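Next up is a structure, given as C-alpha cells.
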Amino acid sequence: MINDKDSQKIVDYIQNFSRKHSLFVMAYGTGCGAIEIPATMTSRYDAERFGIRGAATPRQADVLLITGYLATKTLKRVIRVYEQMQEPKYVIGFGSCTINGGMYYDSYNTINALEQYIPVDVYINGCMPRPESVISGFIKLQELIQQGKADNGKRYRENLEWYRANQKKIIKNWKMPDYNW
Amino acid sequence: MTDLIKEQKLLENVTNPFKIKGRVIRNRRVEVFCDKETVSSVLLYAKTQLGYIHLAHMTCIDWIDENKFELIYTIWSPVEKVHLFVKTKIDRENPVMENIDKIWDQANTYEREMREMFGIEFPGLIGEHDFALEDWDEMPPMRKDFDTHQYAEQTYYNRPGREDAKDVRETLVERSGTEVPDFAKKYSRER
Amino acid sequence: MSFIDLKGLLQPLGALKQIGKKPHTIRFPYEKKDASDNYRGLHYNEINDCIGCGNCSTICPNAAIDMIDLLEVEGNAGDSGLRPRIDNGRCCWCALCVDVCPTGSLNLTKDYIYVTDDPNSFLWMPGVDNKEEGKDLISYTSDTTTSLSMYDRVPMRELEGKERVKSFAEVVLGYTEDEARAEAERCISCGLCTEACPEHMHIPEYINAIARGEDEDAVKIIYDNNPLPEMCGKVCTRRCEDVCALQVRGDAVAIRWLKRYATETAPTVEAIKEVVNPVIEEPNGLTVGIIGAGPAGLTAGYYLALKGYDVTIYEAQAHAGGMVMYGIPKYRFPLDSIDKQIEYMESIGVKINYNTRVGKDISFDDIYKNFDAVFIGIGLQKPWNIGIKNEDVPGVIPAIEYLKIINSGGSYDVGKKVAVIGGGNVAIDGARVSARFGAEVTILYRRRVKDMPADWEEIEGAEDEGVHIIPQAIPTRIIKNEKGRVKGIEYVMAKMLTQEGGGRPRPVAIEGSETIYECDTVIGAIGQQADFTWLPEKYKESVLIERGKIQVNNDRQTGDPKIFAGGDAVKFGNADAISAIADGFSAMKGIDKLLLKKK
Amino acid sequence: MIREKETTLYLGPQHPGITGNMMIKLKVQGDTVVSATTHVGYLHRAFEKLIERRNWLNAFTLLCRFCVPEPDPMELTYARAVEELDNREVPERAKYIRVIVMELARLQSFLLWYAGQAGSGGLYTMGQWSVGDRNYVLDLFEDLTGGRIYHMYIWPGGVRRDLPDGWTDKVLKTMDYLENRQKDYNQLMFDNTVFQKRAKGVGIIPKDKAVEWGVVGPPLRGTGIKSDVRIDEPYEIYDKLDFVVPTFEGGDIWARAMVRQEEFRQSISIIRQAIEKMPKGEYYNKVPNPMKWIVPEGQAWAKTESVRGEIGFYVASNGTNKPYRVHAKGAAYTHGVTVLEKVLPGQNIADVSFIMNSLGVCPPEIER
C-alpha cells in the first residue's frame, strides 16, 4: 500500500511503538521462575507500567515466558502453546536453565538449551531472576521490538524444519498437529 | 533415652503376632523387617488394631550391590505419635510387590511412581502407566545403574565454548613433568 | 448467612481508604533499590589473590566452573596459573564456591542484571570481565569463620619441653588414626603442593587415601617416587606446606605428619615389602656405581635396582643415610627408622659397601671402569669457617662435626654455656642437642627471627626447650681465656637495612653496641661445602665444578656422560633431603635413558 | 432437571487458575465434576536422582527448589535428617535462627496463598496487596541469606551465616506492619460476602477420613483435628515457645482459610518470641571439608511442618561422601493427587482451582 520508503519507516515506527507498549504475557508458569512473576506484576514492581499484563490463552498472548527448566513433557505443551500464539510473538528465557541446563544439566528429563527447540529473543541472567532482572528483560525486548529485531515468529517459520527435527529428537511420541498457525 | 516404653510396647505388639524382627531406633522411631508377603498384613494389622492410620510415606532404595530393592513403609499414629517403619527387601530382577492401595488409597500414587522409577510391578494397580514421565523407553531412571548424566549428554544439546577448561591437577602434573601412577588416580580429585 | 449480608458487602469497600496513599512501587529502572549487603549476584574474583586451586570448580554442584589458563597470570609454585570461569548458563548462585575458596579471592557482587539475546555470551570470567566495577560491588564474601575450608590444623602431640631435654627420645609423637583422618580431610586435593615439592610426590592422592582410611594405598603411592618416606615424614623441609592453599588464610595441611602417619602403617621391613609390593624387573646385566649412601644415592640405587640394574653403593661411614644419619639429631629421626629403610633397600637388591672411602679404600678410576654408569652423591661434608678471630681455639666446633660425634655415639663436653652461630636447621639442631646435655644455649643470628631459614616448628621447639635466641647479632670475635680455651664471644647488634630494588633486608652493624657473651663452647653453623679432594684431576675437566658444586643438566648428568651427580653437592635445587631424593630420582631416569641403548 | 452428557475437560497444564504446571482431567456433567484424575510430570526434574550425584552439601542447591513457594522447610528437613545420621549437634542460637527463618517462610508463603486463594475466587486486589507485601519478607531474606527466593541458608550443623546487624529490628518492624496489614486483608477477604459464599461448604474433607486419606497441615486442622508436627514431634525450639495450633470445624475451604488466617497471626507471635529469647553464641557447627565429608551409614526420617503440612525426608547413606538415596514427601503428594481426586467430584468447575489453592497443591513437590 505504501511504497515510499520513508513512509514505511514511519509506519514501522508507529507499529513497533504500539507493539512494545502492550505486551500480553502468556499465563503459563513452566518452571520455578514463575514464582517471581507475581512479584513483578503486583504493586511493588508493577510491570503494568510497561504495558505488561497477563493473557489467559495463547491466541491472545504476545510473550511466552519460559521460566526456567523445561521438562520434556512440558516442552511438548510449550511447543503447542507457542505455535498457537499469533505473530508477532516473543519468547523470553528465564535464568540459567534455559541457557545451558542450569542446575539440571545432568537431568534425564530437562532440556539444556532452549533455542534449539523454539527461537528465543531475550535471555535473563539469574536463578531465579529477580523482578528487577525480569523488568530489564522486558525493557530489552522492547528495545528489540522498536529496532525491529524481534522477529521470533519469522525465524521459527523459516527454520521450521530444523526446529522440528530437534523437537522430534526429544519428543518420542509426536501426536500433535504438524503446525497450527 | 531412658523411657522408650511406648516404643518397646509397639515393637512387641507388631513383632510378636508375626514372628518378625525389629528394633527401636530412638524415641518415636520403631522399625520392623519382614518378608514381602507379610508386609500387607503387618500394615493392615497396625492400621486397624494399633491405630497407625496415617501412611506418612513409602519409598524404595535400590541396593544394587545386594541386588535388592528395599521398600520402606512409614506409618504413624496420631495418638501414640510414633513412626513405624515397615521394611522389606525384594529381588531386583523381576521385582513384584503386593499392592496396598486397598489399605490406603494414596499408596496408589507412591506405587505408580515406584513402578515408573524403579520398575517394580504392583499387580492390580489402577492408573495410567505414565506418572511423571512421558513415553519413557529406557531403563527405569531411579535405578542405580541408569546414568542420568550420560543420558543427558547424549540426548540434549551441549552448548560449546567450554572445551578450553583445564584440570588443575593435570596442569600441575604436566608442568612438573611427572606422572601419577594409575593405581593412585582413583584418589585424585573428582571433577 | 442471610441472602443480603450488608456487612459483607460493605466491608471490602474499606479498601478505598488506600486511595491517595503514596504507592510503595519501586519504579525500576528509573528508581533503584540496592540489593542487600550480602546479595548473591555475579561473581568477582580478585585475580591476584586467586591461586588457581580449583576448589570452586570441584564443589560446584552444577559443573558451572571451569579453570582457564589465563594468559596474564603466570603459574609458579603455589599458583596453578589457572583462573575460574563461570558458565552463567549453569550457575545457581548458591555461593558454595565462595564458601570453599581457601584464599577468599572469589566473591559475589550486588550486580545481577545481565540481559542479552545471545545465549553464547554467558561465559563469565569473574575479575576479568568486571575488573573495574566488580571490586566496589562485592557483597557476599566468606572469611575464615564462615568459610567451609578447615583452617585449623589438628595439633601434633609432642613431648613437653621440660621432658624432652632429658633425653634423645623422639619429640613428635605422631598422629593417631582419628587425628590423621581429620587432618587429611582438610586437604582440598588441589595439588599445588606437588609443584613445590622437588620430588613432585603424589601428595593429594596419598592424603586422600588416608582420608578414606586406605592407609596401605597411601604407603604404596608414597613409595612410587620416594623410597625414604619415613625420613621425609620426620625431617623434610616440606616446601609443599609453604604453598598449601589453606596456608593463605590458615594453617597448611600437615603433609609431613600425614606422610609420617602413613609410614607407621608399615612398621617393619616385611610390612613395607608386603604393602608396597615392589615390582622388580629381571636383572638386565648393567651395573651402576654410586658414591655416597645419602638420600640421593639411596634413591637412585633403589629405583635402579627395581629396574633390574646391579647397583653398588660405596659409603665412607659405618652407616648409610649420609647427612640424615649423621647431621640430624636422634630426637628428630631415630636410628631404627634409618636402619629399617636401609634394610628394606638392601632386601630389594641394593648393595652397600660401608667404611669404603673413595680415593682411599677404592680409587675412583676403578669405579669408573667397573660400572656402566656412576652416580656421585657425596653431599656437603666440610663446614665453612665462621671467619672471625680465634675461631681455631679449643671449644669452637662446627655444628655438623658436633652432631656427627653425638650421632655416632661419641661424646663432647660442651660445658655449661653454649653459643650457636647461625639460623638454619643445623644451628637449631646444634642448640637443641646441647640443651639435652644440660647446657644453657644461646643462638646468635645476624637477621631477624622471622628471617631464620630454619623451620618455624624447630625454632618454637628450641624455645620451648629453653634455648635463647638473640637476633640481629653479628659475632665479631671469640675471646680466649688464659688456658687458651673459649671464654666468650663478642658480637655487635645490627639494624636491618631495606635494600633498594626489593632484596631481602641486610643487617648493618650498629657501632658501639659490642656485647660479650660468656660461654664454654661456640658452635658454628653457617653452612658446609663439598669435598672433592678424592676426585682425580683428569675428571675435573669434564665434571665441571663451579663454586664448589658440580654442574649438571636436567638428567643430573655431568660433563662426562657416564657420570651423574645429585644431592647437596650439585647446583640443582636446595640443599635438603627431598631435593636430594629428587636428584636421585631424576638421575635414575637419566641413567636409564643413557643405558637403554645397551639393554 | 436435564441430564447433561458427560464430557472430558482438560484443566491445564496451561490454565490461569491452576496452581502450577500440572493437569487435571475432569469428567464433567454440565457444570459439575463427576470425576477427576491428576496428571503430573510437567515439572519432573529428577531431583532424587541428581542428589545421588551430588555430595552431601551440594544437595542443598537442589533441595530448596523442590517446592518453589517455600524452599526453607525442605532445607531444614534434609538438614535434620543428615544431622541425625551424622550425630551432629546444632548450636542453640542456630535453632532459634532456624525457627525464625521457618516462620518467615511460612509468612511469605501465606501471603502468596492469600493472593492465590482470593485470586481464584475473583478478588484480584488481594493479590496486589499481599504479593506486594510479600516483598518485605523477601527483603528480610535477602538481607539474611543473600537470596530472595532460594536461600540455601539452613545447613546440617546450623545455619550458614550469623544474623546481620540490625536485622532483628527490621524483622520486628516488618512484623508490626504485617500485623496491621492483616486487618486490611481480613476486611477485603474474610469479611467479604463473595468469598464467604464461595468458600463455605465447598470442597469438604470428612473429619473421620482425613488422617487416613493422608491429609496434613492446615487442611487437616480445618477438619477439627489438632495435628501439627511442631507439637506432635517438636523440633528445634518449638517446645520452648508459646503458640496455639488453631483448629476449625467444617473441613471446607472456609475452615482451611480460617486456620491459615490464625496461623499467620501465630507465626508473627512465634517470630517475636524467638527473637526475644534468642541466645548469643555459635551459629554453626562446622562440617568437615564438604568434598570429603562422609556421613555414616544409616537411614533417617525427618519431618517438619511446612505451610501446606508435614514434609518428610527419608535419607539413606552408605557411608560415602554422597547421599545414597533421598526421598522427599511433601504435603502436595497426597493433597494434589488422591485427596484432590476425592474432593473434586460433585463440585463446580469454577471451584476446582479454588479448591486446589485451599489444599495447597504444589506440583513440583509431587513429581520432584
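Chains: A, B, C and D, in written order; residue numbering restarts at 1 for each.
The rule is simple: a residue touches a chain if its C-beta (ideal position, glycine included) is under 8 Å from a C-beta of that chain, and two chains touch if they have at least 3 such contacts.
Please read all numbers here as calculations on a predicted model, not as lab measurements.
Student: Can you tell me which chain lies farthest from subunit C, using the average of the Cα atoms as each chain's centre?
Tutor: A
Student: Using Cα averages as centroids, what's the distance between subunit B and subunit D in whole Å?
Tutor: Each chain reduced to its C-alpha mean, subunit B and subunit D end up 24 Å apart.
Student: Using CA atom averages as chain centres, what separation in Å is found between subunit A and subunit C?
Tutor: 57
Student: Per the centroid of Cα atoms for each chain, what is the distance between subunit A and subunit B, given in Å?
Tutor: Whole-Å distance between the two chain centres: 39.
Student: Cα centroid separation between subunit B and subunit C, in whole Å?
Tutor: Centres of subunit B and subunit C (C-alpha means) sit 47 Å apart.
Student: Send over the residues of subunit C in touch with two or more other chains.
Tutor: Subunit C, residues with two or more chain partners: 24, 58, 61-62, 87, 89, 92-93, 119, 188-189, 208.
Student: Where in subunit D do residues touch two or more of the other chains?
Tutor: 41, 44, 46, 49-50, 53, 61-62, 132, 150, 291 - these are the residues of subunit D that touch more than one other chain.
Student: Can you list the subunit B residues in contact with two or more other chains?
Tutor: In subunit B, residues 132-134, 141, 146, 148-149, 159, 189-190 touch at least two other chains, as defined above.
Student: Among line, ring, star, complete and other, which one matches the pattern of chain touches?
Tutor: Per interface graph, the chains form a complete graph.
Student: Which residues, counting only subunit C, touch subunit B once they are in their complex?
Tutor: Listed in rising order, the residues of subunit C that touch subunit B are 52-54, 57-58, 66-69, 75, 80-82, 85, 87, 89, 119-120, 123, 188-192, 194-195, 200, 202, 204-206, 208-209, 212, 214, 217, 220-221, 224-225.
Student: Hey, which residues of subunit B end up touching subunit A in the complex?
Tutor: So the residues of subunit B in touch with subunit A come to 132-135, 137-138, 141, 146, 148-149, 151-153, 155-159.
Student: Provide the residue numbers of subunit C that touch subunit A in the complex, in ascending order.
Tutor: Residues 23-29, 32-33, 42, 61-64, 87-93, 112-119, 122 of subunit C touch subunit A in their complex.
Student: Over in the complex, which subunit A residues touch subunit D? Could you list them?
Tutor: Against subunit D, subunit A makes touches at 26-32, 34-36, 38-39, 41-45, 54, 56, 58, 69, 71, 73-74, 77, 81, 103-104, 106-110, 127-128, 130.
Student: Along subunit D, where are the residues that touch subunit A in the complex?
Tutor: For this pair, the touching residues of subunit D are 13-14, 16, 20-21, 41-46, 49-50, 53, 61-62, 65, 68-69, 112, 115, 127-129, 131-132, 134-135, 138, 148-150, 364.
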